[in-house]
Each structure stands twice: as structure tokens, then as C-alpha cells.
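In C-alpha cells below, several structures.
Heads up, the next two complexes both have chain A, just with different partners, chain B and then chain C.
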Partner chain A sequence: MNKRTSVFDGLIGNNTVLSSLMVISPVIMCGDTLKNAMAIIYAFSAITFISVIAGSFVPRKLPYAVRIIIYTIISSLVFIPVKFAAQQFFPQVINRIGIYFMLLAVNSLIIVQTEAKFYRMKRGKMIFSLIFYIFGFDAVILIVSFLRELIAHGTIYDRVVDIDTLISGFGLPFGGFIFLGLMCGLYRKIRSVSRHENTGGDSNVSDD
Partner chain B sequence: MQKKLKSERFVWLDIMITLITLEIMQFFYYGARAVVLCGICAVVSLITEIICTRLMGRHFTADDLYCISDALIVTLMLPAVIDFKIAGIACVFTVIIKNEFGGRKNMIFSPASVAYVFMLTSWRSQLIMYTEPHVHTGISEKAGNLVSSASHVFNTTGKLNFTDFEILMGNMAGSLSMLLLVVSAVILFFRSDISKGAFVGTITGTLFLACILPMCSNIYDSVKYTFSTNMVLFASVYIISDRRIAPKHNYYAFFYGFFTAVFSYALVAFTQKENMIIIVSLLLTPVALAFRNLEKNIELLEKAEKKGAVTVE
Partner chain C sequence: MFLMTEIIVLLTSNLILTQALGTSTLFIAAGNRKNLLGTAFTITLFTMAGSAAAYFISNALPGSAKDFILLFYALSVGILYILFLIVLYFFNKKVFRNAKKYIHLSAFNCAVMGTLFTITNKAEENPQLNNIGSFIIAGIEAGIGFILVSLILMSAYKRLNSKDVPSAFRGFPAMLIYLGIISMAIYALT
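For the complex of A and B:
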């Protein structure tokens, strides 16, 4: 795999939600309308980007457990101004999202991927990689919420669309769970086909 | 292996025969629309199953025909006047979900109950309103006078004004013929097509609570109406006692059926919501799976013990 591909990995090749099944709870619980999705995208992007960049300055000499606690404290501190700003931009949506908004402060990208991936890279490459990981999450929640809003509520960003049969079950958490499951299946299928083609079809392609 | 495969196909055939019999009774009460609904559900399920098996890289075999019996079970739970499109969507959804979780060899819930709950969350108003028996609605017509089901009336008022003959024949809105259901249950029970333990457990649990916590003043009426409404008998035969879901050993299956019946009875008694047994059967499916897992572990331990004993000898 070349360096260019690894930077873009988070967007398609190793998508946070579809590949690693990380940060799925906000997608399932809150990703039923585009308005919710916009609020989640804003909060997730801001908290994750600032926290991971700030966390990269934490000395590596500290024990692992202490570093993780510091990352959490940083992200919790970042969460405070992000929440205040969100209340200004998305006043009604924030109440509806509830606990899932707060959980974004301790999402897997900050807690797990920082040590496993980001802080092993050079800072410049890490920033690019992080941006694409965030874009990967944003793209998935946008697609999921767009489709779920259309199918379940018959609207796009609260504007009514002429659909005669609505499936309101898809607006519920179980619908989101199933919808995401289908998307994951489709994503893995496409990825395995493309990898198979890239390797010439004769190598053993593992599907992680 | 060959014998097991053959027996599984005979089970499907037996279930299909009983379901078709019930469907014929529906035709008698609700006209051709009931049959068309059944046909649409069966065809849609079959096509979706074929597509799903192909996408999963498997070949479609006779064992995959279970999707048709599932579609028929779904149809029998629906009002004949329901929008065909809704029934079709529910069938597609059910087959996709079944295959999403691993297909027929890895069933983690009854497909029919999933379809019912899915429809309940999406089109509740259409699902619980029926036409009166003998009111035949045309295939392309929209039903006029819709009524609540007999189950709803019984749950909210605690009484029903139907003769025993009408109950036996299923001459009530939203109910199936008790006579046919009992005959089907007996046939499937003695041919071991359903889980005996789960069936006996469900019947025992319902009977037990109908006697000690009657829903109406008279215990006889309580038992009679409890079994003839809320799809209790239908779900006991075709959903809870489904051999693909219920624990294999009758001992564990009994408790699975018993708890399902007890919880659903309690929910009906306290919430007055109809057909709770289907929702409860879906919610308690993990219990059945846990029992199955336990059985598997016990078998493995027994095998290991036997192997150990042989080595010592």
C-alpha cells in the first residue's frame, strides 16, 4: 500500500463506521434526520480534530493509562465550548440528541485510534489522515441520515418530498441498526471486490 | 445428514399444508383478496430470497423455500385489506434481515414475528383494523367499514359476544379458525414438526394464567377467549414452537414457551395491547438462543467426558 493511499484510508479503505464499527451509536440513534446529522458532524469533527491534535503534544514518556486519561480530559474540555456553540447553531437538535452528544467526547477515534494509529505517524501526515477519518464518519452519517429521513419521514432537511409509502420503522433505532448493517455488508463487498481486482485476483484477500 | 435434510423438507411441507388450509379459510371469509395477498407475499419473499442467496454466493436450494412458509405466516397475521405494497415491503425486509444475520442456518429470530413488529412500528393503523368476516373486498378496492379486532374488544372490555361455534370457525374480525388451528397443532405436534416442549410450555403458561388471573369474570370464558384472541394459539404453533428457533431439548423449550406465554399474558392484561405474544416471542428469542447455546455446551462436555473415559480404559 503506498503512502498516498494510507492518508486517504479513513475515508474509504478503512472507514471508521463501516469498517471498524466505531462511533456507531450516534449514527444509529441520532442519524435519522439530516438536521441531527449536521449537529453530530459539527460536534464530532470539532471535538475529534482539536482533541487529537492537542493530545499529540502529550509527552510519550508518560504511562499509557495516564495518557489516555489526559486525552479524555482534553476532549472533555474541548466539548464545553463545542456544546455552547452547538446550542446557538442547533438549539432544538441538541436536546434531541441528548446523551449521544456527550458521548462524542469519548469517541473511539480519540480513545483508541490515537495510540494505535495517529500518534505513530508524523504530525503532518497525522493531520491529513485524521481529516480523512473524520470525513469518513461525516460521509457515512450524512448518507445514512439522508436515506433514513427520506424513507422514514418523507422529507429532506425538513422539506416534504412526494413519497406515498413511508416506512417509519427506519426512523427508529432498530431501523438505523439494520440500515447500517446493510451498508456495512455492501461496503465490505465492494471493498473485497476492489481489493481482489487490485491484487490481480489470485492472492488471498483478508476482509478485516 | 441426508436423512436430516429430508426430514427438514418434510417439516416444511407439513407446515405449508396446514398454512394453506388456514389460507383457504381466509379466502372463505375475506374473499380473493386474502389469496392475492398471500400470493404477493410468497412471490416477493421467494424473489428476495433468491437474490439474497445469490448475493451471498450460495445456491438456492429447496431448504431456502422456508421463506414461503414464513411469508404465509406473515400473511395470516395481516388484515386481508392491508395495502399490498406494505405487505410486500415487510416481506422484503424480513428476508433481507434474515440473511443479514447469516441466513437460514443462523436464525436469531422468527422472520414472521420480525415482519409483524416491523409493520407495527411503521404502519400500525393499517395493521390493527380489519373488515368483518364475510365482507369481501375486491382486489383493487379500498375497504370501507373497518373495525377493531376481536382481540382489541376482548382486551379492553373483557368480554366477547361470540358463540362457541363462531369461535371454532374463526368468525371474528382478526381471528383464525380455532378448529383448524387445533387440528394443525395436533398434526404438527405428533409429526414432530414443531418443538413439543415450546408448544406445551406456551399452552401451559397461558392456561395457568388464564385460570389464576382471569381476564373476565368466568374462568371458562377467560380460557376460551384467551386462546382464541391475540393470536395466542397461532403464535404458539407457528412462531414460538418454530424448530429453527426453539431450544432442541423439550425441557428447555418448555420454559422458553412458558415464559413467553406468561410475559405476553401479563402484558396483555396490563396494557390491553393486542397480539403481544408475537412481540414477546421476538423479545425472548435471545433466551431461546441462550438455551440452544447451553445445550451445545452440554453436548460438547458430554462428548469430551466420553472421550476421556475411553482413553482411560
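For the complex of A and C:
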């Protein structure tokens, strides 16, 4: 099995949401309309990118526990200007997203993946890898919110679409859980098939 | 009957099933079944102590500094995290060595921070809840809710990971759908 890691892993091969189920709360709760998704994408991308890059300058000599606290403090500080900007760009959406906007500052990519993955790479590779992990999240929330908005509300970016059957439950939290579960299964199936083909029918291909 | 009513109340106000708070932590912990309950209990400690800290912070911060509330909550959880590590070190060094790399998962996550923000918002809407007792009780309730969902997940863990489930859906996807169905049932109760 090919264990080589690529900077593109975060986009497809090891997607933040679909593979590791990280940062799924905003996808489940806020990923029901494209407008919400745009605000989440902006905040998540800005907070995560700046925080992880800034956190990489924290001395490795410091104890692990102290480093984790510093990462959280950095992301909490980054959140403040990001929120001010968001109030200008997405004034109505920010209130709708509520606490999930703030919780992006303690997302698993910052708290878990920094020490486990990003800070073990050289800085250049880390930046590219981080960008693709962020794109991976952005792509998933965009697809999920597009489909959920269409199925649950019969709209696309608040514009009414001529659709006969609506399933309003998909706009609710339980719909988010179920929809994400289905997407996760589909993603794993596609990944498994593509790996199977790439390895020339290797029967040892496993799902996480 | 009283116990049933209490369990239903806990489920209907459950932060995971109704607000998806702490779901990622739940799934990270669910990677190891033994860790799941331990993580849930540790989260309860953090939600309880963190809620007490949140009461003092939210009341001490002036209105103009509300944008810094996340920073102060993160600092308070950081202090609690260090205190927890110190207590664990003196309590049992072996457990400390094994657990020190994972405890931050129980401290810095959406379950703990989300609880603090939810309680603070409720207290702002209803001033009667703005007292230390209500904050701590809400923190304990949130933690117990997390334990309850962990138990629900653990009870189905074997089946959701069994060979009867199609390989693409085995594990995490099946757990997500399972939680979705439980969440739907809770939604019907409310």
C-alpha cells in the first residue's frame, strides 16, 4: 500500500470532514444554506490558516500542554479581527451562525492536527498541506450546504428553485447528521474504488 | 418514573444531539472504545469547572470587551487544563504518562467551549439563570449529556463496526447516521 503522504491529501485522500470527521459541528448545524456556508468558509479558512502559521513559530522546547494553550490563545486572538471583518461582509449570517462562529477558533485542525501532522513537516510543505486541508473542508461544506439547501428549502443561495419534493428534515440537525453520514460513506466507497484501481486490484485496501 | 423524566430532559437538552456540539471529539474518542467513557468523564469535569469560570468572566467583562470573551474562556480552560494535569500527576503518574497527550482533546473542544457559550447566552436571555449555581448545574448537565451519548454510542459500537455493515459505511459513517436517527427521535420528543 502506498503510504507516501502528499500535500494534496487534505483535499481528497484524507479529507478533514469526510475522512477524520473533524470540524463537523458547523457542517451539521450551519451547513444547511449556501449563505451560512460562505460565512463559515471565510471564518474557518482565515482563522485556521493564520493560527496554524503563527503557531508554527511557538518554540518546540516549551512543554506540550503549554504549546496547546498558546495555539488556542493565538486562534482566539485571530478570531477578533476575523469577526470584525465578518460583521461587514456577512452582517445577517453572523447572528444566525451564533456560537459556531466562535467555536471555529477551537477547531480540531488547530488543536489536534497541528502537533500530529503540520508541525512535523517543513514549513513550505506545511503551508501547502494546510491550504489543501482547508480547501477540503471548504469543498465539503459547500457541497453539503448546496444539496441540503436545495433538498430542504428548495432554494439555491436564497433563490427559489422549481423543485417538486422537499424534505425539510435535511435542514435540521438530525438531517445534517444523516446527510453527512451518507456523504461520508459515499466518499469512502469512491476512495476505496479509486485506490483499488490504482493498486491494480490489491485486495488489502482497507477503509480507515 | 422520575428517573425516566430526568433522562428525557437530559436528552432533549443534549448538546450533541440537538446542537452537534462536541461531535468531533466524540468521534475522535470513539476511535478507541476504552477512551470514550474516560474522555466523556473528563469533559464533564471541564464543563463543570469551566462553567463556574464562565460565570465570573461573563459578569466581570464590561460590555465593550465582549469580543474578548472567547480569549478569556480559552485562558480559563487552559488554566483548568494545567491544574488537571498537575492533579493527575500527583494522583497517578502512570495514568498521567498515558493520558497527557490526550487530555487536551477533552479540554479544548466544541463540547466544553460550546457549553460555556450556550450557558452564557441563556443567562443573558434569562437573568434568573445568571448565578453560579445555575452555571455549574448547566455545566454538569452538559457533561452528563455527553456521557449519555457516549453510552448510547458504545452500546451500538460493536454492531456499527461489524461485518454486517457495508464496508464503506462501517464505523464513522454508520455512527453518524445512528446519531442522526437518535437525534431525530429526540427532535420528535421536543
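Operating definition for what follows: the second predicted complex is superposed on the first by the 202 of 208 C-alpha atoms of A that agree within 3 Å, B and C clash if a C-alpha of one lies under 4 Å from a C-alpha of the other, contacts with A are read in each partner's own complex, and residues count from 1 in each chain.
Rule of thumb we're sticking to: a contact is a pair of C-beta atoms (placed from the backbone, for glycine too) under 8 Å apart; a residue touches a chain by one contact, two chains touch by 3 or more.
Keep in mind that what you see is a predicted model, and the values were worked out from it rather than measured.
Judged by the touch definition given at the top, the superposed model places A:185 against both chain B and chain C. In the superposition on chain A, A:194 contacts neither chain B nor chain C.
In the superposed pair of complexes, A:83 makes contact with chain C only, with no contact to chain B. By the document's definition of touching, of the two partners only chain C reaches A:29; chain B does not. The partner of chain A that touches more of its residues, comparing chain B with chain C, is C.
Shared-chain residue A:169: touches chain B and chain C both. Counting contacts as defined above, chain A residues 169, 172, 174-175, 178, 181-182, 185, 189 meet chain B in one complex and chain C in the other.
Taken in their complex, chain A has these residues touching chain C: 20-25, 28-29, 64-65, 68-69, 72-73, 75-77, 79-80, 83-84, 98-99, 102-103, 105-106, 108, 111-112, 169, 172-178, 180-182, 184-186, 188-189, 192, 207-208.
Within the complex, the chain B residues that touch chain A are 55, 83, 85-86, 89, 96-97, 100, 118, 121-123. Taken in their complex, chain A has these residues touching chain B: 165-170, 172, 174-175, 178, 181-182, 185, 189.
Interface residues of chain C facing chain A in the complex, by the touch rule stated above, are 17-25, 27-28, 67-68, 70-71, 73-75, 77-78, 81-82, 85, 100-101, 104-105, 108-110, 113-114, 117-118, 121, 166-181, 183-184, 186-187.
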